[in-house]
Each structure stands twice: as structure tokens, then as C-alpha cells.
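Per-chain residue numbering starts at 1, and chain names A, B, C and D are given in the order in which the chains are listed.
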Amino acid sequence: MGIQYDPAAMIAGIPDGARIMMGGFGMCGIPENSIALLLESGQKNLTIVSNNAGVDTFGIGLLINNGQVRKMISTYIGENTVLEKLLIEGRIEVDLVPQGTFAERIRAAGAGLGGFFTPTGVGTVVADGKETRELNGKTYVFEEPLHADYAFVKASVGDRKGNLFYRKTTQNFNAVMAMAAKKTIAEVEQLVDAGGIEPESVHTPGLFVDVVYQGANFEKRIEKRTYRTADR
Amino acid sequence: MKSGSKKERIAQRIARELRDGFYVNLGIGIPTMVADYIPDGMDITLHSENGMLGIGPYPTEGAMNPDLINAGKETISETPGSSYFGSDLSFAMVRGGHIDLSILGGMQVSETGDLANWMVPGAVVKGMGGAMDLVAGSRRVVVAMMHTSKDGSPKILPECTLPLTGVGVVTMIVTDLAVIEVTKAGLLLTEVAPDTTVDEVREKTGASLRIGDVREMRFAS
Amino acid sequence: MKSGSKKERIAQRIARELRDGFYVNLGIGIPTMVADYIPDGMDITLHSENGMLGIGPYPTEGAMNPDLINAGKETISETPGSSYFGSDLSFAMVRGGHIDLSILGGMQVSETGDLANWMVPGAVVKGMGGAMDLVAGSRRVVVAMMHTSKDGSPKILPECTLPLTGVGVVTMIVTDLAVIEVTKAGLLLTEVAPDTTVDEVREKTGASLRIGDVREMRFAS
Amino acid sequence: MGIQYDPAAMIAGIPDGARIMMGGFGMCGIPENSIALLLESGQKNLTIVSNNAGVDTFGIGLLINNGQVRKMISTYIGENTVLEKLLIEGRIEVDLVPQGTFAERIRAAGAGLGGFFTPTGVGTVVADGKETRELNGKTYVFEEPLHADYAFVKASVGDRKGNLFYRKTTQNFNAVMAMAAKKTIAEVEQLVDAGGIEPESVHTPGLFVDVVYQGANFEKRIEKRTYRTADR
């Protein structure tokens, strides 16, 4: 079955308890439209794999508010006070992973590796219960691949073969997550014909993508508006 | 003595650790301020772990772009020769020793260069973000922090009491009072601020300090 | 019976294993010929492990470009929607199970689906190239080969005697005489060529064959 | 020290016995100019890490003919009969590595990993003497990172910050090797000012590059001229 262009059926068909990766860093490059569809579908007990947990009023925060999320696998959840409250009350589970290890574990899943040794987290709680090994005089900790059932990613441009191109810092975890899930659903700001992206500039080749669709009404919130006066 | 807050002074001192051609990662807080003190004409490329090399100054208000943020989620700008990439390559750079210098905030540093800076005692755990990778992988790790806690208790200790970010990872500590290098023989005091003394630094430091050829702290401007 | 050489017939039969939307890697030799028999209107994307998706037909003479080759080092062309990437990502695709079908030549296949195809007995070892990764990672591995060696000795054996490329990796064997599926219960003969019989296939096969509902081999055109 | 633009001093300064990675696949995307400089310098006992060993009359083949190479680490050396002869005579050593493992070991070196588990080569001579491990029901073999002292890479376009862009299938091992060596020397067909490559289309960010220079007289040989007649 080739690339599909309508996400509705696949997202509606996600079962309760599924593990879903969601690209983005903070509010930058997040799959707003697929999150909205998942909110409508209302699945429960989801595990969300995402660098952050959104903010109280947007992004993954909406799914948390809606009681759909049982567990987050993230690197930093500091921007979401609702999540914080649920965590204190024991109503949500959070696994925290160092950001580089998080990215690398996702890549390992997409790349068919059984795991890897990283220097990150050696001697910290992150290494508790894990194998450590000295290799060429340096200590490393063993980390396993991190798979998912679905990946929701967001790209600036997509073509009808599923190739994706990300502008500026919107690539972040989107490209690597597209590799690591059984099914990858990509929303794009602009959907073009095959060949509309320069072949050397494709960040995510279409073979990693199952559904590509044009998103509507991207809100693209800015989390921290920092600017200078023009004359500085 | 330079004007400006103590935190600015820390940033100004750390700026003197920059070298031409360095690729540098700046953490949130005091480290971010180092960008304001890069010496004129020095080629420094700033890395942002969310997937960018070549961070420029904050944009003008009209130029803010939700697609262009730093790891602190602030809107930023690009410079000529910037590049963008995914998080996997970004942390390959970090772990692979391609970042010359990382500057991070600290809550505690031990006398063997252990760093604790991700779990605030008594608060909900928010996550380590990229800090553990940055300290494990960068060639040099400079910690920027106030010399003591607000209650005056020392943050430089024989051993960290808070959960660690990394073991034996810190190269240098720069505080409002002193510059301390982490050496194989322990902590070496090399500079003290103009408005303090070696004795005061020693008193406010929980770990034992070797006293080198101590100079007065100087600051980039 | 279709015209054309026996090797073309093998390629034609394998083409019938293609499905709409498949990403396919074609090895050197018979597998390359499969590209000529992709059914009209079927969306097949060809992967080249040197870093490309979307291989098109050979270019015209004037359009040959030294910057555009396949893994067999032949000049090729691109198609709309092609993409280029590095070898690390290319083999991430392969190992990660993103290639639906790999078609490779074979020297020996065992009854448990082991494949030997990289060390020619008596010759200098030239290397396995990407073959070990392709068989370890692809979702389906079809081996295209003549049923027997030139001296008539069987190439489908209880166990391979040559050094292995992969263990238990082959999904299906397509030869000039037969189609054989590798199942958990052993080798299953499912098709024989129009010009042969089940008995002849059995005789020329060194391993034991289960005989299924055997049909005549059909060929894509 | 920032990016440099002249390769001569660095290549002349390479010591005998160094390990040098060289990008390219067959004759496609090979560092012709840096190889020529290394031929002139004449260092001996080199270990060359490259997917192939060139052909008898070009590429790495020239270094082999010149007696500079003690060892090749490659995936396929079938196109070089001189190398074959030296190998039979025991005058050169060849380590053969599966191509995906080769790429991944190089990436692991560049990415600061201590090693990884791959399914490739399990049950074959490639796994002899190596640790194997069952992980989630599948067997993997442990592979170590592959480092080098130098990497010679070739790109289509480079800018003065060392950013590199590769056209068509010339990227192959160039980008990953640029990550994995202590010093990376990049020759480019076109050297442009900083900003001359679209920031999203940079394949090798300049932080991996030590020297970038405009190559001269690229020969860009075609190994197998395959074409069709125009009307087919």
C-alpha cells in the first residue's frame, strides 16, 4: 500500500494504550493537526514519547488535560503545570531520559539496532540498573532502542511521495521519530507534487512515511518571545 | 571593578575562555549572557542542541519566527553560514567531542568535578533535558554559578549531595567570587574577584582548595 | 513459455512479487533485470544502498552523470520524488526494516533459509558489500539464481557449505526451474517452470522439499 | 583555530602509519585532490578506511600502486586487480566489514558512542570472536566504533564556514566520515561564502570540518558507463 493522504482513518483507528511519538521541541515543529484529531478520537491510556509535554493550553498539554495520557517519555516537562499536578497526584507516569540518549534511542529503533553504549548519564540515576562497560578506557552505559506504534510528525513541506523538508529549527525530533514507528503520519504546511523538494534537500525520505497531509490553520505558538529593539 | 550585576560579571569572565574558531553551547541563564561578551572579530559559532549551529542575536520584534528557537525556547536569529539539523545529529556533535566548550549553570560542584544541576531539592523533577549529554561529551565544561546558595551555604563541596548530572565532567568553575580549575590534584583557585579575598573564597567554599598563583579576576567587555 | 533467457524468466517471475507502494532493493545481476518488469502503473520505489531512493532507467548517453550511480557503480537516472542521503541513513533504512523487498543473487541456500553469496570458492575474497545488511534487515529476501551450478550440482542444500551471508534470512527462492518458499516447516515447492516437472526439480534440489499445491510458474511481462 | 583553506600543510604533515578515511563509493564522490597531495607527500604504512579501494589506475588505487598503503578497511575491493595481487602475496592487509556495519561504526565514532548491537553478520564469519546477545527475541552482534586520524572528503559545494553540500549520490560515506576523524579535510567543486548554502540543506555542518578548499581539475571518472538509446 502506497502513501496515503488522509490521516483521519488511521488516527481514529489508533487503539487505547498505543505508544505515540510526537515531534517538536517546545512548541516548535509540533504536529498540531494530528494532535487535534487525536483529541477528537479520544483514545485513553496513551504513552506519548516527546521531548516536552507541551504547555497547559496547547500541544500535548491538550491531550493531558483531556485525560488521554497515561505516561510521558520525555526529556524535560518543565513548561506544563497541569502535568506537574497530575504527577504529584500519581495520575500520570513520567519517564525522563537525557535528550541525546532520547534522540539516539529513537534513532536506534529506526535503524534496526539492538542498543548502544553511551557515555551520557554514567554515574547518575540514569544509569541505575543498567549495564555499564569500560570501552577503550572510558565508561559507557547501555541503552535500548525506543520504538513506537505511531509517530506524528510535522514538516514545512511534503511531497506526494512522502518526502519531507523541515525549515529552520523545526526538524528537531521529527525526522528521527519518522524512522522509529510502525506507522508515521506527517502533517505539512505545504503539500507539493513529487519532485517539488530538491532531492538532495529531503530530510525524511518518503519510505519512512505512511500518511502525508496538508495541515490547516497552523497556530505555531511562540513559547518565549525574545526580541531586541531594532536599533540595538 | 566592572559595573553590572554579579551574574553579568560571571558571564564576562567566562567570555575570556573563548578562543577563535570555537563551537560553543550556552545553557540557560547566566551562560546565555556570555553571547553578549564575545570579543569583536573572534569567530565563535553558537550551537543550540535543538538543532542549529550559528545562533545570532535576538531578532527584532517583527522578525520573530516560531520556526526558529533556541534550546531555551526563545526566538532567535540565524547568521551567515548557519546550519539546521535534527536532534540525533545535534547530540552526535555533543557526545562526539565536537563542541569545544559548554557553559552551564550549576547547583553543586564536587572537588572531583562532579556536577549537580538538574534536580532541585523539594521540587517536582522537570527533567535533565540535554545537560547530561553536554557535560558527558563537550571538550570543556565551564560551570557558571553564584559561589554560594542564597542562604550562604557552599555550593562547591567535597561531594555533591544532590543527584548528579555528570561525574568528573567539570573543567572550570566561574562564580561571582572566583575562578576555580578542576585538576587531577583537586580544585585549584586561580583568580579571585576584585572585591573579595582568597580567605573569603576559601571560607565560602565547602571543598578544599589548592591556592595557585592567584590573580585578580578580569572581565571581557 | 515466455521467450527470453532463463535469467530473464527468473526476473519476470520475481516481478510478480512486487506490490504497490513497495520499496525495493535490487542486487547486481538477475535482480537488476527485475526493474524491466515492474507492472505498469504500480508504484515501486527502488533503493540503492549507496544513498538513493527512486532510481529511474539508465540515462541516455549524453545524460550520464558521474555524480549519479547505483550500488553496482552503473550510471543511472532519477525519478520525480527521488531523494539522496548518506550511507549511514541508507543502511538505517535497510536494517530498520524499511525495505519491503530485497532481491539478491545466491550461490547456495539452505533448507532453513541460510544464504551464501559472497565468497566464491577458490577466488580472492572481494568483500560482502551491503549484502549482509540487506539480508539481515529487509522484510522479505528473494534469492534469484540458477537452480544448479554449471556442473549440475545442487545449490539448494540441507546446509550451505560456503561461508554464510546470513542465517535464516531467505523468504523465497526463484530459479529457472521453480519457486520455493522458505517456511518454518522447511522448503515448500509452490511453482515449477513450464518446461520441467516436480520430479526434475526434486532431483536437482539437494535439500528435502515439501510439495505444496504446485502451480506452473507464471511471469510478469 | 578556525577553518583553514589550504590543505597542503596538513596533508604533508600526516605521519607514516596514520589511519585515513576517504569518502566515495566506487569512483563517485572521491577526494581526488587530497589523494593527489598524499601521493606527492609519499607517507608509508597508511591504513585507508574506504568503502572501496579505487581501481588500478585511479583513486585509492594510485596510493596502493605507490606502495603507501599497508592496510585497507573496506566493504568491497573487487574493482582493483593490483590490490588483489598484493593481497595474495601478503603485502597488504585487508579488513572486510559489511557495508551497513561499516557506515554505522564510523557514525558511532563520530557520535561518541562506545559501540552498538547490530543484526548484520550474526552467524557468519563477521561475528567470529565478537559478543552476540539476544535482545527482545532477536540476536545481535556487538560492533565497535571505527575512528580515524584524518578524513578526506569531497563535496559538491562548500562554504567558508566548512559547511558542505553533496549532489546526487556523491554524499555516500563523505558526510559520516567527516564526523569520525580527528581532522577532516574537505575538497569541494565550488567554494562559496558563508551563507551560500541553504542552511536547511547543509549535509555536513562546518563544525566537523578543519580544512575546506576548492579542488582543481576534477576527473570524476565513470566506472561503468550504462545508458540507453534515446528512443527506448
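Just so we're on the same page, a residue touches a chain if its C-beta (ideal position, glycine included) is under 8 Å from a C-beta of that chain, and two chains touch if they have at least 3 such contacts.
Since the model is a prediction, treat every value here as computed from it, not as a measurement.
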**Message:** So if I look at the partners of subunit A and the partners of subunit C, which chains show up in both lists?
**Reply:** D
**Request:** Using the touch rule from the top, work out which pair, B-D or A-B, shares more C-beta pairs.
**Result:** A-B
**Message:** Among all chains, whose Cα centre is located farthest from the one for subunit C?
**Reply:** B
**Asked** So how far apart, in whole Å, are subunit A and subunit D when each is placed at the average of its C-alpha atoms?
**Response** 32
**Prompt:** Once you find the CA centre of subunit B and the CA centre of subunit D, what distance in Å lies between them?
**Reply:** 36
**Separation of subunit B from subunit C, taking each centre as the mean of its C-alpha atoms, in whole Å** = 55
**Item:** subunit A and subunit B, separation of their C-alpha mean positions in angstrom
**Value:** 28
**Message:** Multi-chain contacts only, two chains or more: what residues does subunit B have there?
**Reply:** 78, 84-85, 91-92, 94-95, 137
**Item:** Overlap residues in subunit A, where contacts from two or more other chains coincide
**Value:** 104, 107, 111-113, 118-119, 166-168, 171, 199-200, 203
**Prompt:** Which chains touch, pair by pair?
**Reply:** A-B, A-C, A-D, B-D, C-D
**Asked** In their shared complex, at which residues does subunit D touch subunit A?
**Response** 104, 108, 111-119, 133, 135-136, 138, 140, 144, 165-168, 171, 198-201, 203
**Request:** Note which residues of subunit D are touching subunit B in the complex, please.
**Result:** 1-3, 107, 109-113, 159-161, 163, 179, 193-195, 197, 199-200, 202, 205-208
**Asked** Once bound in the complex, which stretches of subunit A touch subunit B?
**Response** 25-29, 51, 74-79, 84, 87-88, 94, 96, 98-104, 106-107, 118-126, 156, 166-176, 203, 220-230, 232
**Message:** Under the definition above, what is the set of subunit C residues touching subunit D in their complex?
**Reply:** 48-52, 57-61, 63-76, 78, 84-88, 90-92, 94-95, 114, 124-133, 136-137, 163-168
**Item:** Partner subunit A, residues of subunit C touching it in the complex
**Value:** 19-21, 23, 43, 45, 47, 53-54, 78, 80-85, 89, 91-99, 137
